[in-house]
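Naming follows writing order (A, B and C), and every chain is counted from residue 1.
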Amino acid sequence: MPDPKPFPLDAWYAAAWSHEIGRDLAARTVCGKDIVLYRRTDGRVAALEDACWHRLLPLSLGRLEGDQVVCGYHGLVFNGDGRCTFMPAQKTINPSACVHAYPVAERHRLVWLWPGDPALADPATIPDFHWNDGTEWVGEGGTFYGLRCDWRLVVDNLMDLTHETYVHAGSIGHDAILESPFEVTHTDRTATVTRWMIDIEPPPFWAGLLGKPGRVDRWQIIHFQAPGVIAGDVGVAPTGTGAPQGDRSQGVNGCFLAALTPETETSCHYHWNFVRNFRRDDDALTRAIQKGHVNEGKGVYDQDHVVLEAQQRAIDRNPRMPFYNLNIDAGALWARRMIDRMLEAERGGRHVPSQAAE
Amino acid sequence: MPDPKPFPLDAWYAAAWSHEIGRDLAARTVCGKDIVLYRRTDGRVAALEDACWHRLLPLSLGRLEGDQVVCGYHGLVFNGDGRCTFMPAQKTINPSACVHAYPVAERHRLVWLWPGDPALADPATIPDFHWNDGTEWVGEGGTFYGLRCDWRLVVDNLMDLTHETYVHAGSIGHDAILESPFEVTHTDRTATVTRWMIDIEPPPFWAGLLGKPGRVDRWQIIHFQAPGVIAGDVGVAPTGTGAPQGDRSQGVNGCFLAALTPETETSCHYHWNFVRNFRRDDDALTRAIQKGHVNEGKGVYDQDHVVLEAQQRAIDRNPRMPFYNLNIDAGALWARRMIDRMLEAERGGRHVPSQAAE
Amino acid sequence: MPDPKPFPLDAWYAAAWSHEIGRDLAARTVCGKDIVLYRRTDGRVAALEDACWHRLLPLSLGRLEGDQVVCGYHGLVFNGDGRCTFMPAQKTINPSACVHAYPVAERHRLVWLWPGDPALADPATIPDFHWNDGTEWVGEGGTFYGLRCDWRLVVDNLMDLTHETYVHAGSIGHDAILESPFEVTHTDRTATVTRWMIDIEPPPFWAGLLGKPGRVDRWQIIHFQAPGVIAGDVGVAPTGTGAPQGDRSQGVNGCFLAALTPETETSCHYHWNFVRNFRRDDDALTRAIQKGHVNEGKGVYDQDHVVLEAQQRAIDRNPRMPFYNLNIDAGALWARRMIDRMLEAERGGRHVPSQAAE
C-alpha cells in the first residue's frame, strides 16, 4: 500500500470547474476531506467541512438559505465562514460551534481549494493554468471524478508519453516517440520534459489537424507544476518550416491540461482539457477533440484509465514490490521528488519513503 | 468507529413480528448473533444459534421436521432446546453436541429474544409494548431490516422531534416544535420527553385527521424504555378543549412505536408501527397512515433513513470527532445514559466511553 | 479466519483446461499469485507473473507477439522464461529485469502449474488424472472459477458422501449411504474411502443409467491425492452379479473428478468432470450428465456450492469456533492431515494449527 496520505495538504488543488458551483450544495472529497461547496449571492465560492458540528450529518444534504447552509437534520445554520448562526430551540449559540472553512479561489475556470493550514494559503501560489481560461486557447474538457488510482500514477502517466505507443496505438501513438531523445529540466517546483521528433510521418490525429500532406516535426513539451498540475505543449509543423527553431506558424499547436486532485489515498479527481490555439471558432472540431479523449471507453483518456486502475489494483495486491525505473521515467521521477519534498516539509523534515526511488 | 458491541446483551429485543415466524426456518441476526427462529407444532417459538455444531452450516439452510431442525449438510438434528438428537452413520451421540438456544417470548405481536446470559432472562422485564397488541390501538407497521446505522442513532432520532421541522417539512414538521419548551423526566429504565404546543395551526397530517377547522393544542410525549423501545404519544385537540389538562376527548390521538434491535455495530432492525385509538375500523385510513410512513422513499420514515444512514457513514469517516450536544438532545442523552449504564453493568462496572457525553 | 495461506505452494495445481490456453493471454490467480498463461508458437504453455517488472501493470492487459508478451503500458517485452528482451528508448536492458516464470505442464487435458519453488517442480509428481484424458472414460466437465470458499471445504465435501442424502435428496442421495459402513485406507500422499451398499433400491440417477429393474449393489470409492485431486469411482450393478467381488460387467460405472486449486485463502477454482466408461458415444447422455451437475442453480454441484459458500461465510463470522468431527469425517480428516503435513514441511517443520483436529 502507498504510504498513508500520499499527498501534500498545504497546496492548491482544483476542487471543481467554476460552472459546477452555483446555488446548489455540491459535495466533493479532496485529500480525504469531505467538503461542501456553494456560491454566495455575491458570487464568491464558499467551501465548508461537509459534516455538521452537531451530529455529523453532511451539510450537503441540507439546503442553502441566502449565503448560509441549513443542516438537514436539526436545522443548525452555518455561514460561509463556517460559523454557526442559529441553533434550534435555544437562544444562545455555543461560541465554539463551527465547521472548518477551506480557503478557496477561482482562477482559469476552476475552483482551487487549499485543504491544509489556512494561514499558509496564498492565492499567488495557485498553479498557472491560463491555457484553460477560454481566451487564447479553446477546448471543452471535463473531470473524471473518483478515478480509482493514487493521483501520482496519473502524474507518472502524463510525464512520460512513451505509453502513447502502447496504450494509444492507432491515434496518437508512434514508434518515433521511442526513438527520439528527450531532455528533462527543472526548477524548484516545476519539471519539464522536452521531446522533438524531426522529419517523421505524422500520426493520424495530428495529420488530420494539420491538413497538409508530408512529413512533420512533432513536439511534446510537458510542463509539471507541483504538486498536481501538468500542461503538455504538443503539436506538429511541416518539417523544415522552422518549428524547432521557434517558428510554429506553419503548424498546429495544442495543449493537454491536467489538474489532479487526490480524493483518497487510492483515488483522485482528474480535471482535464485539451485546448488549441487554431480554428478556435470551430465548435465541431472542439467536440470531435473532446470525443477523441472521452468516448464511452474508446477515447484516449478512457484507455489510460483502464491502465491506471489496473496498475493501482496491482499495487494493492503487491504491497512490497518496488517500482523499477527506466530512462523514460526521468520526468516522472523529478515530479515525484518534488511531491516527496513537499510531504517532507509538511512532516517537519521527516524522510518520506518514496515510491519514486531508483 | 463506535466502541465494539455498543449494545447490552442482557436485554429483550424484538427479533421478529409474531406473524413472520411459522413453520419455516427464519434467519435473523440480533446483536451480531446469527439465529434461526421457528414455531414448534405446539405454537411455541424456538430460537437457535444459526450455525451447525458440526461444520457451521447455517441451520436455516436445513429443514424443519416436527419440532426439530435437520441440518442441510450432513443431517444432524437439533431439538428446540438446541440439543443434538441424531448423528448420521453413528449410534452414539456426542453428549456435548448442541447449539445455543436463546430465550424467546411472544408478547404484543412481537417475538422478543434475549441474546445474553439465559439465566438472567426474565419475561417480566419484556418492555411494555401494549399499544401494538391490536386491541385498544390499531395500525399496521412493519420492520426495516438491516438499516445501516448504529441502533442508537435511531434512539437519538426519535427522542428529539425537532428534526421533524427539517427532515419532514410539509407533513408533520412545524416551526412551533422549535419554539415550544419541553420537559424531560426519567426513572431508572425510562425517560420521557413532554412537549405541548398550545394554540397553533395544525400541520397537514394532523389537520386531516382531526377534520375540524381552527387552531389546536398539540402534544408529543415520548416515552423511552431501555434499551431500545420507544412509544410516542402524539396528537392534537382543538385549542381550549382541555387537552393539556387531560381531556383529549375532542382530539385525535396516535402513538408511534419503535422496537429497535441491534443487528451489528453499525446496523439495526427497526420494528415500527403507528397506531391510533380512533376510527379503528377504517382500513383505508390504516393503509394511508402506513403509506405516509413508508412509501418507496417518500414516506416520513424513508426520509429519516436517508439521514440516519448518511450520519452513520459520516461517523465511520470521522472516527474521532466527538458529538456535540444541544438543548434539544436532553431526552436522547438520558436514553444514552441508560444504555451506557447497562453496558457498564455487563462489563463488570468498567466505564463505557459514551458517545453521548456532553 | 483460516490460517494465512492455507495451501502448500510446492505442489502441482490445475490452472486451466488445455483448450482454454491458446494464443490469447489468459489471467488466472493460483494460491494468491496472479499469473498470465499463453501458448507459445511451438505449442508449449508459458506461465508468467502477471505484473510487469516496470510498473506492475498486469501483463495480461498487453499483447502476445510471437512467443513473447508486450506490456500494454510502456512496451517492455518478456519472453516465456520471464526475461525482459526489450526496453523502450534505451539500448541496454537491465539484466535483472524479469518476471517470475512458473513451471507448467500439460497432462490429461489440464494445464498444471507449480506456484512454489521451481527447483522442486518435478512433472513426475503431477497427480494421476487419467480418467480425464478422453480415451477410456468420457465426459464433459468444466471449471467453477472463484468459488467463494477455502478449497479444503471442497475436499471435506467430496471425501464424505453422506451429504448426498441431505444436499442431493431426490437425485443421488439415499438413506443407505448413512447406514452402510465404510473403510478408510491411506498411503503417504493418498487416502481412500470405500463404501459398499449391498442389495438396495437404486436412487433415480443410477436407476436411469443402469436401465434394468431390481435391486443393486452400489459402490463409492473415493480416492484423494494430496493436495487437491479427488477421483470418485462410483456405480451400481444388479445385486448378486458379483460387483463387490470385482465383476462389474453387469453394472454401470462412473467417476467424478475434481482438481481443486486455491485462488485465495477463501476462494478456489474447482475443475470438475464426471466421466463414464459405458455408452461412450452417446453425446446426449454426456450432455444430460453435465446438466445434472451444473444447471443454473439446480444441478448437483450447484447445490453443493450454496452449502460451501454459506459454510465459508459462517466460518468468517465465527472465527474461533472449532470444527467438531463425526465418524463420517474420517476420510476428510486423512486428507486434511496430508495437507497439513505438506504445509508443515514447507514451513520448516513448524506445526500447522489444523482445522481438522479432532
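Here, a contact is a pair of C-beta atoms (placed from the backbone, for glycine too) under 8 Å apart; a residue touches a chain by one contact, two chains touch by 3 or more.
All figures in this text were calculated on a predicted structure; none of them were measured in a lab.
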item: Cα superposition angle of chain A on its copy chain B, in degrees to the nearest 5; value: 120
item: Shared interface numbering between chain C and chain A [over half = same, under half = different]; value: different
item: Intercentroid distance (Cα basis), chain C paired with chain A, Å; value: 48
item: Overlap residues in chain C, where contacts from two or more other chains coincide; value: none
item: Contact footprint of chain C on chain B as seen in their complex; value: 34, 51, 53-58, 61-62, 70-75, 87-90, 94, 97
item: Residues of chain A touching chain C in the complex; value: 156, 160, 162-163, 165-167, 178-179, 182, 306-307, 310-311, 314-315, 317-318, 321, 323-328
